[in-house]
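Some structures are shown below for you to check.
In what comes next, chain A is part of two complexes: it sits with chain B in the first one and with chain C in the second one.
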Partner chain A sequence: MKLIVKRKKNPENIFVNIFSLSVTMGIAFLIVIVLILFLSKDPAKTIRYFFIGPFLNRYYFGNMLNSAIPLIFTGLGIAIAFKASTFNLGGEGQVYSGALAATAVCLALPEANGFIGGSLAILAAIGVGAVLAGLSGLFKMKWGTDELISSFLISGAVVLIVNYFITGPMDDPANNLLTTREIAKQYRFMQIFPPSKLDISIFFAVLTAFLVFFFMFYTHWGYEMRMCGLNREFSRYGGIKVKFYLVLPMILSGSFQGLAGAVSVMGTYHMSVKGFSFGMGWNGIAVALIARNNPLAVIPAAIFFAYIEAGASAAMIHSDVTFEIAAIVESIIYFLITAQALKDFIRYRKRRTE
Partner chain B sequence: MNESGYYFPVIHNAVGIMTPFLLAAIGGLFTELTGMLNIALEGLMLIGAFFSVIFAASTGSLFLGVLFGIVITMFIALIFGLISLYLKADIFISGLATNLLASGLTVVLAFKIFGNKGVILFKNLPELPSLNIPFLQKIPMFGDIFIGHNIFVYLSWLIVIIAAVVIYKTPFGMRLRGTGYNPRAITALGLKPRNYQLAAILISGFTCGIAGAVLTLNLGAFVPNITSGRGWIALVAIYLGNKNPFGIVIASFVFGFSESFSNYAQGATKIPADFILAFPYIITVVAMIGYSVWKYYKENRKVF
Partner chain C sequence: MEGISKYFPENRVQANRNVNLVVKKNEIHAIVGENGAGKSTLMKILYGLERPDKGRIVLNGKQVSIHSPMDANRLGIGMVHQHFRLIREFTVAENVVLGIEPKKNGLFFNRDKSVRDVRSVIEKYGFNINSESRVADLTVGQMQQVEIVKMLYRKADLLILDEPTSVLTEQEINRLFDNIRELKNQGKTFIIITHKLDEVKEISDRVTVMRRGEVVAVKETENVDQKELAKLMVGKSVLFKLKKDPVSPGAVVLELKNVSLKLKRQERPLLDRIDLKVRAGEIVGVAGVGGNGLGELEDVVTGLFKVSEGEIFYKGENITGLPASKFREKELGYVPADRLNRGSCLDSTVRENMIITRHHDFLKAGVFNQKKISVFVNNLFKSYSITGDTSVPIGTLSGGNIQKVILARELATNAELIIFSEPTWGLDVASGEFVYENILKLRKNGIAVLLISSNLDEIMNLADRIVVMYRGRITGRFTNDKSISKALIGEYMMGVRNDFN
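Our next item is the complex of A and B:
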């Protein structure tokens, strides 16, 4: 089936985008309020904590920004893959295994210099993520295996294997929790907003977003990658090595997922806890969608997502709803965003199915 | 299970375990034939699993429980379909949204109703009726495969046959396939491809509702995210089964067997449980890659 994809001019009017986004957010929050009215015995209190909870004190506010850090990385990773019309659904496994790899390197080198050992740990995390996602890209390149499903399934297996290492060989015998031992002091990122857990890696995350922006829009590779994303057949005709750009975006995407894992270990948790990174991979997809795959827009989108989760956990602590209410809000936002951002995405998907 | 008199308990269990895969994959086949990648199978199954066990426990009737479960699953499928088709959302993203909604909604409601986010046991659930004919059970292979399963297993086989008839022998099925093959031809007939796609999504909601019910009613409990990737594996079963109902039966059996075998290995060997749990994923990924390699070489031979 050959569909001729007509490319409409997409007016990149930022005000139109912001307006349509705020309508989406408005509807989503309206649904949340209705949901809370139905679920909570004291709706006024719950709603109050849901919306202003994250701003109540330094601790909540800092933690909210802190939980945006891994989302910036996962969001960037997904945005790169989407821009090239490849799909990486294995974020969960890549973040989790990246975290484990970073922890393992830090634990293996308890006496090393903080900078060298820390760099090694981050590289290990990036490497593991890149290999896991790169495999799906490689299979796609070689035999046309759908990378969307293969990356998800590989991730599903990897999550369980990481669980085994955290609860088995690397488990800390000193406590009854399902965690590894703590990494040494010199590997921990500096905290900048006590008493919250916000650490210095937030600057690193913002810098990375700018670097990805530069890579995508101002380098040769980035240009060719976007070309392949827009129209693979045409790019091939133009002499671009199309097959290479099936693997590269997946490798980059996986690297950022792994990095997210390393940052959450070295910045926030200081160890690997069973299941601690669950949701970061999926939320990265939502962040990339809200940001419309623009690396700079990933930063506010990640903070927005962190806000919803912080609101939900504040409402959980101070009132009587559960944290999973955040998942419902997020799913509504997914629905609304995609119903809106359809023009860009229908283009992508049509090309995929051709 | 040896004391129950089967010659190959691993195969007998595999036939039981494959049922949710089979049901979800048959529903997914309909959407696949209309040209949509339906990744919402996972979430729809979860909705079906949650609501059917709750209604079965509160009404005391299996039939009513499954019926309500199916109705609610089809309702969620309807929302998913309307947003995907009529608001022209990307089906992949709205599928992800459906999965997320399912996992959030089931936990939030479980907490609201039972005050508990973990495993919820239902003690007064009626037992699943099953077909037991002891002397037929003794026949090797035949008995292992056909006898002694619960009613859902036989229902799923019936659904496969009905699906095959609908897809290949009725005008509806032909138009359904036409929608995927060439939507413009359907439009030229004066029909709307979208309506057939919506019908396919509703059918997948129907089968996923039953598939979910199989999981929880068999277990007598609801566990958060009880589907644990089965919807995705069902998606792979559609491809491995070459988009053919009977091919899907074989593919589902392979996955059922790998899970049954890993249950067996868990008891019989010292392999850590997490590795064994990862086994079905690994089998699925290997099978999927193998299929694409086979297809790749087959198609390339045609070219040269």
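Our next item is the complex of A and C:
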């Protein structure tokens, strides 16, 4: 007896995804153009800066890529959690506290060797992020607390604590701004595209995306994690320690959030500024949704986000667009694109639970 | 109901074939049949949850079309599902009025009126619940009363009860039957789905017997005895052309000692002091009708559920209470009844599904050796005559093919014990025979097989020893030889006989 395994149409087809995403993007851009036509006195100039502003000179272009770096890390972190069907909504607090931890280590070791001290700073950031997110995973494992809620709440509290440190004990008395002192020169990443702020960590970010991809699809942890994410009952039946995979993805997810914080401090800001990382965590979720949780797709998704942001600020500087209008334009694009990605994500989850 | 037919193309099951069901006003009508006989589908059609392919429904002389439970409610038809549909945090009254709440000023929920109305329904029909208690605080029997009250509040005259006694204790059953009789006196009509024949005798006026999607008999309850019903339900033996070599069983591989399983807030244990031994090279068949503990037995012997009492031994080692992952390390094979959710991960590829139980074998420093996986998967494809692409999601395969993949995977372990649960449920004949051949091959190779199945033909054809379960208890143990008949086992399955009372 022979059985023929027939290939049916695969709903996860990547080309279908890219096509539908492009259509949404087109609609979003159309709405933006219409808005600008109404709101700007010189719409042609505004539209020009909005769309090609990021490519006009080295400074804009480099800064755009630079702001994609933390988004790649936060996007990867969220994608890992999503792949395992765990949810980390605490990105904001994890990035922010990771940044503070890295700053604190650098400031505590002003004389140390750049590589050793820098590594310690990065490890501290990863550790803080991992612990914060890992706690939510642990609560879920022990008591079934919804990690989506607990990570969000923990993050909310952590933001306030970090604010306290930046404006209180660690505040730089030499200036009137709400910042810590600057970290020593040896800890700052090498800039590779002056005059922009782009630094070498962009290579590190791309490499990390490839590593995460390898981890997810070629290692046994990745396999077990994905299986748990797709079907916990099946995984338990197959002998996988499913409870462990409530915690591990959260720990990994938090690590990447912390890393994003460290990279922002050591590459771009060279200090912690009150509220400087706000949005990175949330945008990481949007990046992961657009990338359909594929680690490699996180790279273009993060660059796309950075591009919109850079375009909006270029239009703001060079034309009559105010900050508020730029923000509205940005949010329309985010809203449409994440709504589209979210819709597919929900449909996908629903199909799974049926 | 006249000439009702229903075919499920997804699993290729003809659930109902030209079924006629006549229920007279003010009678208690029982529908009996084995699992998969089509009772539930028929009732779902009557209640608007499924649409028939053919046939019509006539109510009080008028043809009606029922598209949804709302339509059914409007026509005075109510259904109490086997699994209650209640909101635990709400009170009895809130649950009962949900969806058709009395309003205050056309806008606000009128709590007082709903409590009053529900209380009057409860009193009118002599139930024993407080309309203001929280459902979560009730016993299972009381929850069922809430479900019935819910239907009565919706002015149902015809009530469908789907296996109403399956979760109840003896006292709760008596109480339920009292309620039913009282309701009958007040003019209500009942359809009761069940496979407990003593209950049929006790409560019903007439009984319709279904088998494999068809009605095989309609009887006045007083003119028929339980043995005859049991015989009608199981039908004649279907003989397979299976060649069974004589095999002498070896050492005990799996042993259950006094195993019980009890859930919180549920009086009746799901498994009640089960003793069971499976030896190398023999097939032990556990027979029973669904809802009598077969599924629970499957869950505890595979470590997915913890037993409340008793011990489980595998090759002499006490494995009671070990986590599921440790069970797998003991290398036992397990082909589950729920093959679409437990047995496979529909969204991942055939390849990934095939390695779940032994993916550790393909690792080199934590990384998968893809070549080794390909060799393994291709070998299994060859030996189980499966052809095609291993990189498509397994959910795109047919049910028979999915079962083949599961079978291939589980038999590929070096297990000394393989547990099968409902291995041919929903499969076409050819795939079913393929499964049987493989089970017999295992037996020949000296492997212990535990076969849990509600398909009595399957058990009679394969098993060396047969254990029958009824209401979580073992009611009979037999050696499968010429001295036993299908009708006899059927009587044990339906609770007509019990050797261990």
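Remarks
Note that the second predicted complex is superposed on the first by the 309 of 354 C-alpha atoms of A that agree within 3 Å, B and C clash if a C-alpha of one lies under 4 Å from a C-alpha of the other, contacts with A are read in each partner's own complex, and residues count from 1 in each chain.
Rule of thumb we're sticking to: a residue touches a chain if its C-beta (ideal position, glycine included) is under 8 Å from a C-beta of that chain, and two chains touch if they have at least 3 such contacts.
What you are looking at is a predicted structure, and each value in this text was computed from that prediction instead of being measured.
Once the two complexes are laid over each other on the shared chain, residue contacts for A:L296 go to neither chain B nor chain C. Of the two partner chains placed by the overlay, only chain B lies in contact with A:I149; chain C stays clear of it. Set side by side, chain B and chain C differ in how many residues of chain A they touch, and the one touching more is B.
Once chain A of one complex is fitted onto chain A of the other, the partner contacts of A:I240 are limited to chain C, with no touch recorded for chain B. Contacts of A:A326 after superposition: chain B is touched, whereas chain C is not reached. Using the contact criterion defined above for the overlaid structures, shared-chain residue A:L37 touches neither chain B nor chain C, since it reaches no partner.
Contacts of A:T219 after superposition: chain C is touched, whereas chain B is not reached. After overlaying the two complexes on the shared chain, residue contacts for A:N231 are found with chain C alone; chain B is out of touch.
Residues common to the contacts of chain A with chain B and with chain C across the two structures: 1.
Chain contact summary for the complex, chain A toward chain C: residues 1-8, 10, 12, 218-221, 223-224, 226-227, 230-231, 233-241, 351-352. Those residues of chain B that touch chain A in the complex are listed here as 35, 37, 39, 83, 87-94, 96-98, 100-101, 103-105, 107-108, 111-112, 117, 181-182, 229, 232-233, 235-236, 239, 272, 274-275, 277-278, 281-282, 284-285, 288-289, 292-293, 295-296. The touching residues of chain C, counted against chain A in their complex, run 302, 304, 323-325, 327-329, 334, 336, 338, 341-348, 350, 352, 356-357, 359-360, 363, 366-368, 370, 385-389, 392-393, 396-397, 400-401, 404, 430, 434. On the side of chain A, the complex with chain B involves touching residues 1, 35, 39, 87, 139, 142-146, 148-150, 152-154, 156-158, 160-161, 163-164, 167-168, 282, 285, 289, 321-322, 324-328, 330-332, 334-335, 337-339, 341-342, 345-346, 348-349, 353.
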